[in-house]
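Input: structures, listed below.
Two complexes are shown next, each including chain A; its partner changes from chain B in the first to chain C in the second.
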Partner chain A sequence: MAQAGTVRTPPSRRRRSAAGQRLIFLVLLLGSVVMIVPFLWMLATSFDWGARLNITFPPRLWPEEPSLKTYKAAFMNVRMLRYIFNSLLVSAGVILVSALSALLSGYALSKLRFKGSAAVLLLALSTMMIPFEMTMIPQYLLFSKIGLIDTYWAFYLPALNYAFGTFLAKAFIDQLPSELREAAIIDGAGELAVFGRIYFPLCTPIVATMVILLFLGVWNEMLWPLLALKSASKYTIQIGLAMFTYNNGLNHQPSIIMAATTVSLIPVVVVYLFLQRFIIESIALSGIKQ
Partner chain B sequence: MPVPTRVKAVAGRVAARRHYFTRNDWMGYVFCAPLIVGVLAFAVYPMFAALYMSFQQTSGMSLSGRWTGLSNYRYVLQDPVFWQSLYNTVYMGVLSVVLGIILSFILASLINSLKGDLGKNFFKGIYFLPNVVSAVAASLLFSFLFYPSREGLLNFVIGLIGIEPVGWLTNPQFSRLSIVLMSLWGALGYNTIIFLAGLQSVPRDLYEAAEVDGAGGLAKWRYITIPYLRPIFGFILIMGTIGGMKRFTDVWLIGGTAGNPGGSLMTCVLYIYRNAFLASQMGLATAASYLLFVVILILTVLLMLANRRRNSFG
Partner chain C sequence: MRRKWLSVLCLLLALILPACSSGSGTKAADTKVSKVSDMKGTVRVALAGWKLENGLDPLTGNETIGLKQYLKETFNKMYPNIKLELYEIPWENVKAKQTAMLMSKDVDVLYTGGAFASQWYQEGLLRDLDDLIKNDPDFHKEIYLEGIWNNSYSTRSPDGTKQFGIPAVLGRRLIVYDKKLFEDWGVEPLSEKPTPAEILEKAKKMTGKNPKTGEPNYGLYWSGNSLNGSTFVALCLAFGAKGAEGSLKDIKNIKWKLNTPEMVKVMEWLKEAARLAPAGFVNGQGAENFGLARNNIAIGIDQTGGSTMSEYRTKKDKALLDRFAAVMNMGPKGEGWVAVDPFVMAKDARDPQAAWQVLKFLAGYETQKYMYENYANTPTLKNADFVDPEDKYVKMALKIAEVAHSELMDEANPFYMSDIVPAVNGFISKAASGNAPDIQQFLDDLQKRAENWSANLK
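Then we have the complex of A and B:
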């Protein structure tokens, strides 16, 4: 049917549709320029020693005085390496804790039909509605009372509560056959072995999704680090960057700030460039699942 | 005697069930323990603690103080700064959600109508890229792009068509709009991806049936695509509204804790942050956070109801 339809399409209409394709392409290209120009301006300014004190006129997409001195100044003024290391540490810890908590509970809720499992799922999912902005004050007071403010435990411990991950893991494990578990149990395997040796390896796709979503989330997080971290040596990248400009004034030293910003973007952009298809699929999946 | 027998039978059944289920039950609790501890300690406890604190007059960094009933709520509701912050938050939230939905739906439709995966993936990749940029980085970058004199890129561009430089982030009339433009740049790709996933799920035969009836491209878009994607419109509307009500990082970095210029960038979360961590008014701040929660809850429920009623394809 479709074939026949294509054959019978009159040439004028085909030409019109080709023109339409070209028009759509043009519009999308124009929009892409708007999306990309801020990045180009950032890169150009970050390499422009001429913009170390003030931004240049006219605005340039190519540095006036190309130089790497801006990056050197950025690394000397903002402790970027330290902050990046801290952020990687926090990300790794949060990913480990959250993914493990989500997988264990997702597996249990999917395959072990235990008493109260419906209640656990309901509790976890309904607390996803509670905004962090409301719980942050008691959470801050809790951590300062037990003396864990200004330590990374203030990130690792709340990571236990990853209800969305539980939901993702449960939905994924629901699709895996229960017979695997039953057969292994009959053969005398313990529950932990069943999870660790049989189901966990099958969960790689959903683990990858969680790792990416968590990494992007933790790397870009700002509000809780602002509250929980007091000493500058413990700052994560966002808070380090924000505090530098906050203390120095917002529009000062454009090239140094843009160099530091560029460096802060490298990890996420690299991850994005390599895993672009996968990230976009994860986002679409998480959007639709919610 | 019927009673003892029945008791014995029930006891037997319970014992049997316990014997049969124990292993499973306990393993279930052990596996869920990290989640349950996390949820109780970092969602349920703080929620009730915040409620308790909102009725207290606290001093310094303390959880409890003097019971003052509703006076925190009364203070917040009589504070013009709170109303200003609510107005600003809703203003920026509504504008960015509405503009974001319209633009990203058009974008997604255009990308979806491209022939060939190469172009589709290329544009998906480009439009989504700003989404991985943190709010801090975006704010720093746009504070330069929105520079108030003619050196700023945006003022330079509008200067080319003869418009005088605008104080994008320094004039209270424009500051909220500028924040909206900035967040559109960041969020457009996310919504577009979600819309695209939805567009690809529209059954082909609906379009074919419409073509048989002689419908053109725009008619198909209007009468099939849009009604079919209503749940996705609803989802983006709800998530966007919730996200918009929590605006903090960009306005904090650009406007400071006073929400400058002229308090036009004071948002609800900034108000909460300011009262809790600068003025050490924890009770007041938790009362404000509960009010914000109630506003978010009401908006969410309203949008969900509206969305359910309008979902024409089931």
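Then we have the complex of A and C:
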């Protein structure tokens, strides 16, 4: 009987392997420090009343004058909660519209196989190659003409064209067996029923991926919200943060800006904590890290 | 693990939110006003960087009055039938936003950056104000600083014949020096109007180990990556390096003079001075402590005095105010580059008469006083009697503005912004590391590029 015992690794190789592990650990540790220290600096500064005039340099990781007054100043000068709520409203709408549009179009391109579907996909993807800076003024003029400036429809309508999502959804649905559709059609189901009852429940990973990518994208978006919204009461959180950075009388007050930034990050952290499993999958699926 | 994190977040929120609840009411504006007109209309106003709501001054802890309340207590009483639609826009990307608003005719009056206003005017998006000024006996242009009123490209057409804006807020660029470091090194204080040579000579003496404290000192600071090359502008004025001749109105026929002996002197100064500043100056860093107790830089060019004044406002301690002295800029009369942010009117303003009343009021004495008292904005007025007597930096800025004039070497010139400033900043960066290119060759190349640029416009 062949012995299925363990194969012994020579000691020199084990040493090399252990040294390699330590090296990898050190590199990862260094990477983590590079990522974490600015975050901790931001957090420490956000509670440092002493840093309201000038950023502490060299950096301090513990506040010189610990205080919540920085947060009070942040909330009293800019309507942070309102802007966070607005950002959530915009994010929810955009996620709903974009994900649904991408899934439906991805399903159609993958399973319906109509004439010219490859050209449609190519056309949709080609829109991704036009920088937003090129289209923003015409897009603004268009929405101004149809009276949708200063409404959230200026976000929801463009969200219908989510070319990257269409591409992702098509690629994912391609992997699902077409026999499911054929069987359902034979049983008398319509296309929408086939999509809604059979394919949609199987698309959970790609839906999670889209939710994460869209949420982070919309949350961090600055330029289009700034163009599309006129009333300060409708502004999103990124515009609110920009007000801290450049507004009269609020310049050069780092601890207050850091307090505002810390608060603006809370929803992102909450989403991350709930969806962290999917985030790693989403990076693997989409190849994009936001 | 996730629960722990969420608990931490909840705790953080629980701590933060009560701390952020609004305090007592705001102080009322003390202006007494009465109705002056029955004029009717709706005016849409886009304001870059103004605050509409009441807030809190983080320096003093005093509550600040937002524009809405100020206007309610002043303009709305004077013009009860003019309805205002106010749009608060942060400075970031403001040009894109206001350009879009102008193109879609969504705005009547704008407060904006001087260079943007100049560009929009040349693109035909703004209205001349001359007829409105002429027909309004209540408007007095004499209240504004002459140097600004007569010369600013932010408010005047390139040929200087038309007025399209009213100056509202002044940019501060003055020379500030640290008396303590001068004393430590035994160097004579700067003169009231220092020349580039004087600055360089004294800065050289104060670069190195401080003879009293033993700490490393830097003789000089200026921003090596300035977006508008303001120090370069002041040097051009000081050395009489025109850079170009002609008018922005006839931009195709500008005669470039970028490789003259005077311009060589400007670059030589920059080359030498680049070795006297802290390394970070090439990225606009390294002067974080300038104006404060821990300062280690002797002379700061194009400074605002903001940090020192903020310390004074916070602590009411004059020690730093006494330590950091302000003098004029490097031009022959003490001038330098002076930024002016104006109020302008859209070409297609719905109701120009009503819009003019709004514009006039927002750029006028009362509003400038309100903006200084609440947000420390620098006024553009000859008689800014509301300025804190201790605010010597604003006073110096006003003196510099009084002798200001626009030249072709400033941000209104598109080639200056697109090519000259990046080239000069690149030169400074190389000079700081001891690798400055040959100056004459560098300027010859710049001259050639400028001539090609003009030729391409024809």
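One rule holds for everything that comes next: the second predicted complex is superposed on the first by the 248 of 290 C-alpha atoms of A that agree within 3 Å, B and C clash if a C-alpha of one lies under 4 Å from a C-alpha of the other, contacts with A are read in each partner's own complex, and residues count from 1 in each chain.
Heads up, the rule we're going with is that contacts are C-beta pairs under 8 Å (C-beta built on N, C-alpha and C of every residue); 3 or more make two chains touch, one makes a residue touch a chain.
The shown structure was predicted, so the numbers you read here are calculated from the model rather than taken from an experiment.
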| item | value |
| --- | --- |
| Three-chain arrangement built on chain A, chain B and chain C clash or fit | clash |
| First (chain B), second (chain C), both or neither touched by A:186 | neither |
| Which superposed partner A:124 touches (first chain B, second chain C, both, neither) | first |
| Chain B versus chain C as contact partner of A:52, first or second or both or neither | second |
| Contacts of A:263 with chain B and chain C, given as first, second, both or neither | second |
| Chain B versus chain C as contact partner of A:137, first or second or both or neither | both |
| Contacts of A:232 with chain B and chain C, given as first, second, both or neither | second |
| First (chain B), second (chain C), both or neither touched by A:79 | second |
| First, second, both or neither for A:253, with chain B first and chain C second | second |
| Contact breadth on chain A, by residue count: chain C or chain B | B |
| Partner chain in contact with A:71 - chain B first, chain C second, else both or neither | second |
| Where chain B runs into chain C (options 205-213, 259-267 or 295-303) | 259-267 |
| Interface residues of chain A shared between complexes with chain B and chain C | 54-55, 57, 136-137, 140-141, 144-145, 222-223, 227, 242, 245-246, 250-251, 269, 276 |
| Of all residues in chain B, those that touch chain A in their complex | 21, 23-25, 27-29, 31-32, 34-39, 41-47, 49-50, 53, 61-63, 107, 110-111, 113-115, 119, 121, 123-137, 140-145, 147, 150-153, 156, 185, 188-190, 193-194, 196-198, 208, 235, 239, 242, 245-246, 248-249, 253-254, 268-269, 272-273, 276-277, 282, 285-286, 289-290, 292-293, 296-297, 300 |
| Footprint of chain A on chain C - complex, ascending | 2, 5-6, 9, 12-13, 15-16, 19-20, 22-23, 49-53, 55-59, 64, 87-93, 96-97, 99-100, 103-104, 106, 288-289, 292, 306-307, 310-311, 314, 371, 374-377 |
| Chain C-touching residues of chain A, taken from the complex the two chains share | 52-55, 57, 68-80, 136-137, 140-141, 144-145, 149, 222-223, 226-227, 230-232, 239, 242-243, 245-253, 256, 263, 266, 269-270, 273-274, 276 |
| Chain B partner contacts - residues on chain A that touch it in the complex | 1, 21, 24-25, 27-28, 31-32, 34-39, 41-42, 45, 54-59, 97, 100-102, 104-105, 107-109, 112-117, 120, 123-124, 127, 129-142, 144-145, 157-163, 166, 191, 195, 216, 219-220, 222-223, 227, 238, 241-242, 245-246, 250-251, 254, 257-258, 261, 264-265, 268-269, 271-272, 276-277, 279-280, 283-284, 287-288, 290 |
